[in-house]
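Note that subunit A is present in both complexes that follow, paired respectively with subunit B and with subunit C.
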Partner chain A sequence: MITKKIVLIGDFSTGKTSLIRKYVDNQFSDEYLTTIGVKISKKIVDLNAENDVQLLIWDIEGHTDAKAMNPAYIMGANGIIIVCDSTREKSIDSIKDHLQTCSKLLKKVPIIIALNKSDLLNDDLTMKELQTNLKNLYNEVEFIYPTSAKDGKNVELIFTNLAQSML
Partner chain B sequence: MDEYSKLKSLLVSEEHEQIEELQRNLELLLKESRDPEKIIEKILPLINPIFSQTLKNSQKEFIPIFSPLISLSIKDQVKNERDNIVDALYPVMGSMISKFVAEAFKDIMIEINSKVQLTFSFAMIQRKIMSKIKGIPEAELLLQNSAFLFKVQNVFLIHKESGILISEHSLSGQEAIEPDMVASMLTAIKSFANDWISKNSDYLELNEIEFGNYKIRLEVAGCCYLAIVLTGDANKNLQQTISSTLEYFVTAYASEISNFDGDVSKLPLEDINSHLGKILNLNTHVETKKTKKNLKFIWIFAFIFILLTTGYFSYQAYTKSKLEQELKEAIYQDPQLNIYNLNIDIQWNDLILKGRLPAKSLHERLLHLIPKKLDGLKLKDEIVISETILTKEEKNLLINSVITAYNYAVGNQIYYDLTPSTLHLYGVVKNHTVHEALLKQLSKLTEQGKIISSLNENFQLKPLEVYFDTKKVLLNDVNKVQLDKWLNSNKVKNNLKIYKNMNLLIIGFSDSKGNIQNNMKYALQRAENVVQYLKSKGLTKTRMQTLGIPVPPKKTSLNEEYEGRVVQIKWIKR
Partner chain C sequence: MHIQEVFNAMYQQHHYEYIVIDQNLKVIEFSDKVTAYCDASLLRTMDTDIYSVVPELYGLGQEIQEVYEESRKSLEIPFIKKDDLYVTLSVQAGRTSSNDAIETLIILFENVTQEVEMERRSVQDRNDKELLMLKVSKQNKELQKYNTHMQKLVEKEVSRNDLLNKEIIHTQREVIATMGAIGETRSKETGDHVLRVAEYSYTLALKAGLNLNDADDLKMASPMHDIGKVGIEDSILNKPARLTEDEFEIMKRHAQLGYEMLKGSSQKLLQTAAIVAYEHHEKWDGSGYPRGLEGNAIHIYGRITAIADVFDALGHDRVYKKAWPLQDILTLLEKERGKHFDPRLIDLFIENIDDFLEIKNKFNN
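The block that comes next holds the complex of A and B.
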């Protein structure tokens, strides 16, 4: 079986842990627990008859002004999901920095942007606009999806799409 | 054109062209001198010869110029291409460190050896025996023994950057749960420690994680690392195996592992697994069960050994005490020796004879009692022969003991009289040989003293036979003369005098004719008549006994014509 390392990066409280929890355990909680260090989860993705991919999903502590990411956690990743809070502009602005970090530490690996907490954004139009803007800004990014760990929107999709791109 | 111009052109046109040519060349050179590309193109072929020439001529001047540059380049290289440098240096450093460690171990071993030789314990004896059997220095055994305590449970080979598991080996029953997660988590922990402690600024590595009795040893190379879960302490052997295994992976599969993309099928997994297996195999040589078995064996061995030695020594002690008892008895029964205070003692392997004897002959007599074969015992003769002049009492005692011994034998009845200068013997001895032996022995005892022997050598116990006519019981004149002559003979007189313990048995016989009652009467009467006659001649009645037998004696050696009508006088012991 092929094993791949996926790292979820993003500012603090963007919902990295919740996305993983939803994806791996199909659970969601409103309670916010900050991640310290790393949490690692495993999920086997059944892409087609012959290719099973084992994903080792690294949930690392959110990036804040006070504490930069530990680059060692990102090293060797086969795929990256940049998670931002679609209701917090600052977290969307940070995408640039995250992409820079990735290009510095990694060879060319597929990157997906998850615009999380889409359930909190009432206006669909705003989301569409956001997606298009980001796509124009960062054309190296594979996909940009609105996601919600709460209602499970696109959660499965971002992981399977990333798995597919990594092969 | 005027004439002058024509002339001028004719005369200087050649020079003019030359000047123009020069001017063009100059312009070209000036242009080239400003074009770096052209300059490089021109100088490039010359650089190598210049460098080699200058380096050859003035190497010393160049070293200080280039040294800072080289150091800077290495620093830069280490900073930017750290993993490549680690991979390149790992095999060299590994063996360098191993060599250094081996040297250090040698010193430790010498120190331990010297200490071990000074301490004494059961374990030490066991170790000493093992060391002799196996031919390994004790210190190494000591270290190996301490290694009986370690046990490798799991071995992980992990891709360093991604933390993806390349391969894993476990003891059966000790399989890791979710080895992939473990590998990732270990990598994360390693990164966390690195970030937290050293701020990723230098090249320190997390080497060990300890948890109670468990340890996770991390051996890190540039592209991958080994994580070994074990209980107890890793010994030299394990450490070496771990290092050499990782060294092998780095040397053989550096590029494959560096470019590992999570697909293990692209790696030479079989070879990798066999090498990982080697680390686990170290366990089989140090199974605790085996030591227990050995220990059990040693206990049984010791028990049998003790049993055998105790048995052997008890048997030895038994045979020794038996011999001692026998010898003491022999001395006690020997009338010549039992009067002296002789001591027989068996100590360890010595049979010790102690005491004081007055004569060599007695010493010889004593030695004669001791068996020739002593079963490994050594005779230690500490008998003192004090040939001092004996007192009369001592002499008397000695002679008495010798003569008493002789008198035990039938046919000897020896008496003696001891004066300060003379020993007077009288009585009877059985024969000449006995007489000689007695005199020889006594002469040794009496030293210079004189011996006068009046011993009679031929003691005759031949019976006297007195014959009777048919139906006659009274003694006739011939009978009386015969009896007188016998009774008055010196021999009989002496015998009666000396052998106080001997009596005369007077047996009457009859012929075989007539009835048995009559014959009995005749036989008894004949014997009685002889007794009466002897009594009348002065012989005490108490020294005579009578017996009647109503048939002829079995062998009438003398006179056939009397048909057994005879009285025999025999000497008997009272």
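The block that comes next holds the complex of A and C.
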């Protein structure tokens, strides 16, 4: 079986841990508990009969103004999911910095942007506009999806799409 | 001493656990308690690949190779969560050959759970504070948006109310003008008379110190001073001869009638008109009608209109009399100072007689 390392990066409290928890354990909690260091989860993605992929999903401590991401966590990744809080502008602005970090540490790997907490955004039009703007800004990004760890929106999709892109 | 015992003695003293791997990244040795951090069954299998035992190293083949080749001193992955523990994992050079080439690598596991727990508290606290500040700032923005919206609504309402008020005032003026015109049709006076009375009253009100609004109200209301005459029968109202005492008593009722007609309104303009209709025949010395009020008990609107009404009536021809010369009128006004008329208002009127004569000329016919 093929093993692939994927890392979820993004500002603090954007919902990286929640997305992984929803994907791996199908659970969700509203409580915010900051992640320190890294927690690695495993999940086998059944893409087709011949291509089962074991994902090593790295849930790393979120980026803050006081503490940058540790490069050791990102090195060797086969795919990246940049998670931002779609209701928090600063976390969206940080995408640029996260992409720069990836390009410094990794060869060309597929990158997906998850505009998380989409359930808190009332306006569908705002989300579509955001997606279009980001797509125009960041050509190197494979997919941009609105996601919600709370209602499960596109959670499975971002991981399986990334798995397919990594093969 | 076996090499494992040497490592055990060396690393366990510093609370490290370890795994030794060869150049093919196969596990060759490990400390007893390293099984706290990785799968013991895999460790004890021959030719075990290090990635199976320590999946955290997956993808880091190049970096591990760099440690072998000494182009990288070590590879460290801090704070990895392992169930309830946290470990920092470090790949370092191990045994060297006789020609100083590195033959093995050591993967060290350091339990850093306590350190992480301490850091967690401060990071959680810091992040919670920042989230709270973001929330407050967001709510402030929402509040500001709401306030701006409310302000616009209030401004719109105020402007709408202003418009409505203007419309109401305009309608009131039209109603009063129409009522004044009705009054004229019942009176022997001409339309110019009420117009001039209005202008004299306005000017005298300003001279007497009333503010512009009150003076303007009086100007609008004074044409209605005789509105009560609509209730007086034609035979008396239009009698070409002098009225008998009884007829005069009936005629005097027009002041009360006018008041009754207008008093019900809560509008300031109509209230002013009611006062004027009621009190324009009152006299300073108390000999007027309908109530025989005296001095300042007569509203200033009544006192002003009384002068304006008499001054204009005497100065113009009527079917039953000729216009008086100005000097005769002024003599009468002075004679009636403190009797029929308010002495202060008479003084002001005479002092400013040129202004009133200008009005008389301007609105003559």
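As a working rule, the second predicted complex is superposed on the first by the 167 of 167 C-alpha atoms of A that agree within 3 Å, B and C clash if a C-alpha of one lies under 4 Å from a C-alpha of the other, contacts with A are read in each partner's own complex, and residues count from 1 in each chain.
Methods note: contacts are C-beta pairs under 8 Å (C-beta built on N, C-alpha and C of every residue); 3 or more make two chains touch, one makes a residue touch a chain.
Only a predicted model underlies this, so the values are computations on that prediction, with no experimental measurement involved.
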> Do subunit B and subunit C fit side by side on subunit A after the overlay, or clash?
Replying inline: clash
>> A:Arg88 in the overlay: touching subunit B, subunit C, both, or neither? Say first, second, both or neither.
In response: second
>> For the overlaid complexes, name the partner, subunit B or subunit C, with more touching residues on subunit A.
In response: C
>> One more residue to check, A:Phe12. First (subunit B), second (subunit C), both or neither?
In response: second
>> Looking at A:Gly76, would you say it contacts subunit B, subunit C, both, or neither? Reply first, second, both or neither.
In response: both
> Regarding the shared-chain residue A:Thr3, is it in contact with subunit B (first), subunit C (second), both, or neither?
Replying inline: both
> Looking at the overlay, what does A:Leu33 touch: subunit B (first), subunit C (second), both, or neither?
Replying inline: second
> First (subunit B), second (subunit C), both or neither: which does A:Thr64 touch?
Replying inline: second
>> In the overlaid three-chain picture, which partner chain does A:Leu125 touch, first (subunit B) or second (subunit C), both, or neither?
In response: neither
> Common interface residues of subunit A with subunit B and subunit C?
Replying inline: 3, 5, 37-38, 40, 42, 56, 70, 72-73, 75-78
> For the complex, which residues does subunit C have touching subunit A?
Replying inline: 51, 55-56, 58-63, 75-81, 86, 116, 119-120, 123-124, 126-128, 130-131, 134
> Which subunit B residues qualify as touching subunit A in the complex?
Replying inline: 159-165, 178, 180-181, 184-185, 188, 190-192, 194-195, 200, 261-264
>> So in the complex, the part of subunit A that touches subunit C is made up of which residues?
In response: 3, 5, 12-13, 32-34, 36-40, 42, 56, 61-62, 64, 66-67, 70, 72-73, 75-78, 88, 90
> Inside the complex, what are the residues of subunit A that reach subunit B?
Replying inline: 1-5, 37-38, 40, 42, 54, 56, 58, 70-73, 75-78
